[in-house]
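What follows is a pair of complexes built around chain A, which joins chain B in one and chain C in the other.
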Partner chain A sequence: MNETVLKKRKFQMTLLFLGVIVLTYLSAWITDYGFISSLEAVPGAMAWMASNLLVNGEALGKLPDIMDKLIETIFMSIAATTIAAALSLFLAIMGSKTTMVNRAFGTFSRFVASLSRNIPVVAWSLILLLSFGQNSVTGFLALFVGTVGFLTRAFIETIDEAALGSVEALRATGATYWQIVSKAVVPQGLPQMVSWVLFMIETNIRSATLVGILTGTGIGYMFDMYYKTMNYEVVALITITIVLAVILIELLSTRIRKVIL
Partner chain B sequence: MQQITQQPSVIRHTRAGKINIRSGNRVSLVLRSTLWALGALTVLAFFFFDYTGFRPLQAIPETLYNLKAMFLEPKLSHFGWGEAAMQVAITLGLGALATVFGAVFAFFLALGAAENLSVPWLSKSIRVVVAFVRAVPTVLWVLIFAIAAGLGSEAAVLGMLFHSVAYLVKAFSEAFEEVDPKILEALRSTGAGWWQTVVHGVVPSTFTYLLSWTFLRFEINFSVAVAMGAAAGAGGIGFELFMASGFYFDLREVGMITYMILAIAIVLEIFSTRLKSRVYSAD
Partner chain C sequence: MALLEVNGLMKSYQPGNPILKDVSFSVEAGEFVAVIGPSGAGKSTMLRCLNRMVDIGEGQVFFDGKDVGAQNKKGLRDVRKHIGMVFQHYNLVPRLTVIENVLHGRFGYKSTLQGVLGRFTEAEKRKAFDLLEKLGIAEHAYKRCDQLSGGQQQRVGICRALIQDPKIILCDEPIASLDPNSSKVIMDHLKTISIDFGITCIVNLHQVDVAKDYANRIIGLKKGEVVFDGPSPLLTERFTDEIYGMKTVVETRELITV
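Moving on to the complex of A and B:
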């Protein structure tokens, strides 16, 4: 590294930082964001949380109802993720350059994945709500559609990383396409894919809360209802149950991941 | 990424004397039971659903009709193009603010959380707090801040900030932990203090990673900002989407807004993929 390289690097860094500062001010101006007022709001918000988000006996009486909805939400996320994983596996095998049947199928499956991934889950839930109505199936479908896109991208990367050598080896022995897929691609990529599925289940439980608020289903609906009626004791209890559920699932999947990867 | 290591096992024979090629080890046992459990839970899930007002025979053709109206005849009717661009800019702005502030906070917290730069008790306690913050869905943070700090961009940014910090601390501290210990040792042996090791050793060797993670978070924060607009009334294009579908039932407008969000999301994704591949090809 000589002096000019260092100088150029320093110049680039300065430019980057200036750019970020300008961007921040511009964003603050557009969104009408007050730096000072937001700093002032933090201690007040913390104090408010400490004094209002307390679970009392009356709120605990609602626990059976909350658990009911929480279990429904967890099941919704697991079902959406698992079924999406099955479809994603198919799309990924079609879309990966290693195992692609032909170009048209490959492009098509990557296009489907990109569309489902880049339209936010909010948009999907609002679109589906219009015709499917206010029930679990709407939430399930919204999560399902968003998950397919994400998992297909992850699975394609997994297949590309894991399977290249063994696919070539099997092809050399004269194995058919389905033999290659079932004996090399799937077993090789399976641990990584299961790890992605577990990650997606965790993410989906959190997204399910958001989807629930929008579509009026599951734990999200319950939260929204008590939030709007300003029953903050129950709001606190619901938040705690969600946190416990997410952390429990995270711990479980960390243990599984440790063994399989 | 991860190499699958074949564990050496004793060759087992079936009763007929053939080599048992299915003889499982712990890995395949756990893998198989995870898959079975997921399958069983999925089947079970459909018994727990609430099917109020679910009429598939009516809903499916209706959805197809709606999708056709949305995506083939998109049109703005309640606001013009200038207003739409402004709303998109607000959403982008919310995402950018949460990302920039998040990256700054996360940088310092990640220094405390990285095991090679910090003391065990500090790194452990930061990790526990971060795990807790991550477990609360963003929308709940935003809604809680909205009561405490009043509805507006402040509540939205603060709520999104919590998750961004938690996400980036995890990513950043993992990047810091992968810094070559020789670099740190070399700097320490010259008598460099802790800050000097960070500024001259850790930051230059991880900077591109930090940048690529931050941009990835911006990509995520854009869709989070859309969600917050719709679910928490934080403004921006997400709020317009919510109004178009929930209040006006204007499918064509929903379609147009979805197209706008899609276009921006794809541009951001392409940009972040480019950035990531540049980072990985650099080393």
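Moving on to the complex of A and C:
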């Protein structure tokens, strides 16, 4: 009995594995992707990077400008994330099954969250570019909209997980809705929520570069400009500063998370 | 009129699958009532119908002369603030301190704004500490609840119910997740409360022997119907057999010793 179950399990695993191989082969065949030829291209690409992406003294002269734009981008990401977090908290309280006021509000807020989450941030920036033009508001809004979607979803799960029992208990004492939200749901969920906000700030600083390229704002625009004028030394410098900034922010938020959780 | 009167209470979550069928009983002030019955008999649902944590299907519940089912939002809040509730999983806010959790019991008496801002009077704070003292956990007042043991957390839960100045306390399996020692402490406290403060207690239990030891009166539920309602000494093996639909605990114990 037991042996046949195990044999069946093994057979299923083999089948799955074969399936993945066939699927990979098929996709490569359909898209004309040559595995060997792409491997052959790697050394050449490496050599190009090594000879072109070198920071020289002239590029270093641009550093103050780059830092300006970088700091602008970082602060824009932080502002977009924190403002989005405030809205998300409200939407999540409305959308969570535990703290839902009524079905209509709940469905509405989950719909808003899902809509803004499932349209990728790149698409948002292009859509907003058409309506708002090329300025930093567009970049801000693109990050804002995507963040609201993600954070609402994360907050809803935090609330559902954290507060079910205490909400019931406070309801039984005759507490009002906002008393329950402010004294049971928020205190219990806050550390988790702050952690999500920090994660989102990290993500947004990364996406801000891409959004900047598309909407012509911040460090992304600078990157795009020097890239298109083939000034690769500066491009290299910009890339390095972005990487360092992201690493720094990540270390910082890991620290904060350790303290609050 | 009795403090609590339940007339023909029915409840079903899905049509055609009733959890409670025509439950009627009344409880006088000061009684200590245990509700026993197997899992799924409807004990929890019945208890939650009394303060309308679960909406009443059919029938009426009268608490202190008020028809619980007919209350609007404000009226229901008024009813609930006089009914304490104690839960199997304590239902505290784990990240908040013991004293904060106890003071949560006062929200029913406060406006929304007072509650949100956490404005409690000196008298309320003193009362909270007195209660913690009485239940023997005053030294933990400033600890976070998630640092306490299960038995201690349940005592915090009882304090939160008591600070409401309740006329009745509903306990839903208060000792089901506790070890025997803590269970005894909790049951002793509940008994003391009902005698010293004169607060009525309705306790859902699934340990028949505990029910017989502590309660003056036992209500036996089976498949949503009251099959026994009377003074504890009258709950004989014949009834426990009927309630649980099997050989009683006592007999199994005999079998094991043989």
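Following the convention adopted for this analysis, the second predicted complex is superposed on the first by the 258 of 261 C-alpha atoms of A that agree within 3 Å, B and C clash if a C-alpha of one lies under 4 Å from a C-alpha of the other, contacts with A are read in each partner's own complex, and residues count from 1 in each chain.
Keep this in mind: a contact is a pair of C-beta atoms (placed from the backbone, for glycine too) under 8 Å apart; a residue touches a chain by one contact, two chains touch by 3 or more.
Predicted model only: the values in this text are computed from it and were never measured.
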In the overlaid three-chain picture, which partner chain does A:171 touch, first (chain B) or second (chain C), both, or neither? second
Output check: A:112 vs chain B and chain C. Expected answer is one of first, second, both, neither. What do you get? neither
A:225 contacts which: chain B (first), chain C (second), both, neither? neither
For A:188 in the superposed arrangement: first (chain B), second (chain C), both or neither? both
Determine, under the contact definition given at the top, whether A:63 touches first (chain B), second (chain C), both, or neither. neither
Please name the chain, chain B or chain C, that touches the greater number of residues in chain A. B
Is A:100 contacted by the first partner chain B, the second partner chain C, both or neither? neither
Looking at the overlay, what does A:179 touch: chain B (first), chain C (second), both, or neither? second
Following superposition on chain A, which residues of chain A contact chain B and also contact chain C? 188, 191
Report the residues of chain B in contact with chain A in the complex, numbered from low to high. 1-2, 4, 26-27, 30-31, 34-35, 38-39, 41-42, 44-46, 48-56, 59, 62-63, 66-67, 70, 86, 89-90, 92-94, 96-97, 100, 131-132, 134-140, 143-145, 147-150, 152-155, 157-158, 223, 226-227, 230-231, 235-236, 238, 241-242, 245-246, 249, 251, 254, 257-258, 261-262, 265-266, 269
Taking the complex as given, what residues does chain C use to touch chain A? 51, 53, 76-81, 83-85, 87, 89-96, 104-110, 112, 115-116, 118, 157, 160-161, 164
Quick check: in the complex, which residue numbers of chain A touch chain C? 163, 165-166, 168-179, 182-184, 187-188, 191
Across the complex, what residues on chain A touch chain B? 20, 23-24, 26-28, 30-34, 37-38, 41-42, 44-45, 48-49, 53, 71-72, 75-76, 78-79, 81-83, 114-115, 117-123, 126-137, 140, 161-162, 188, 190-192, 194, 197-198, 206-207, 209-210, 213-214, 217, 220, 223, 227, 232, 235, 239, 242-243, 246-247, 250, 256, 259-261
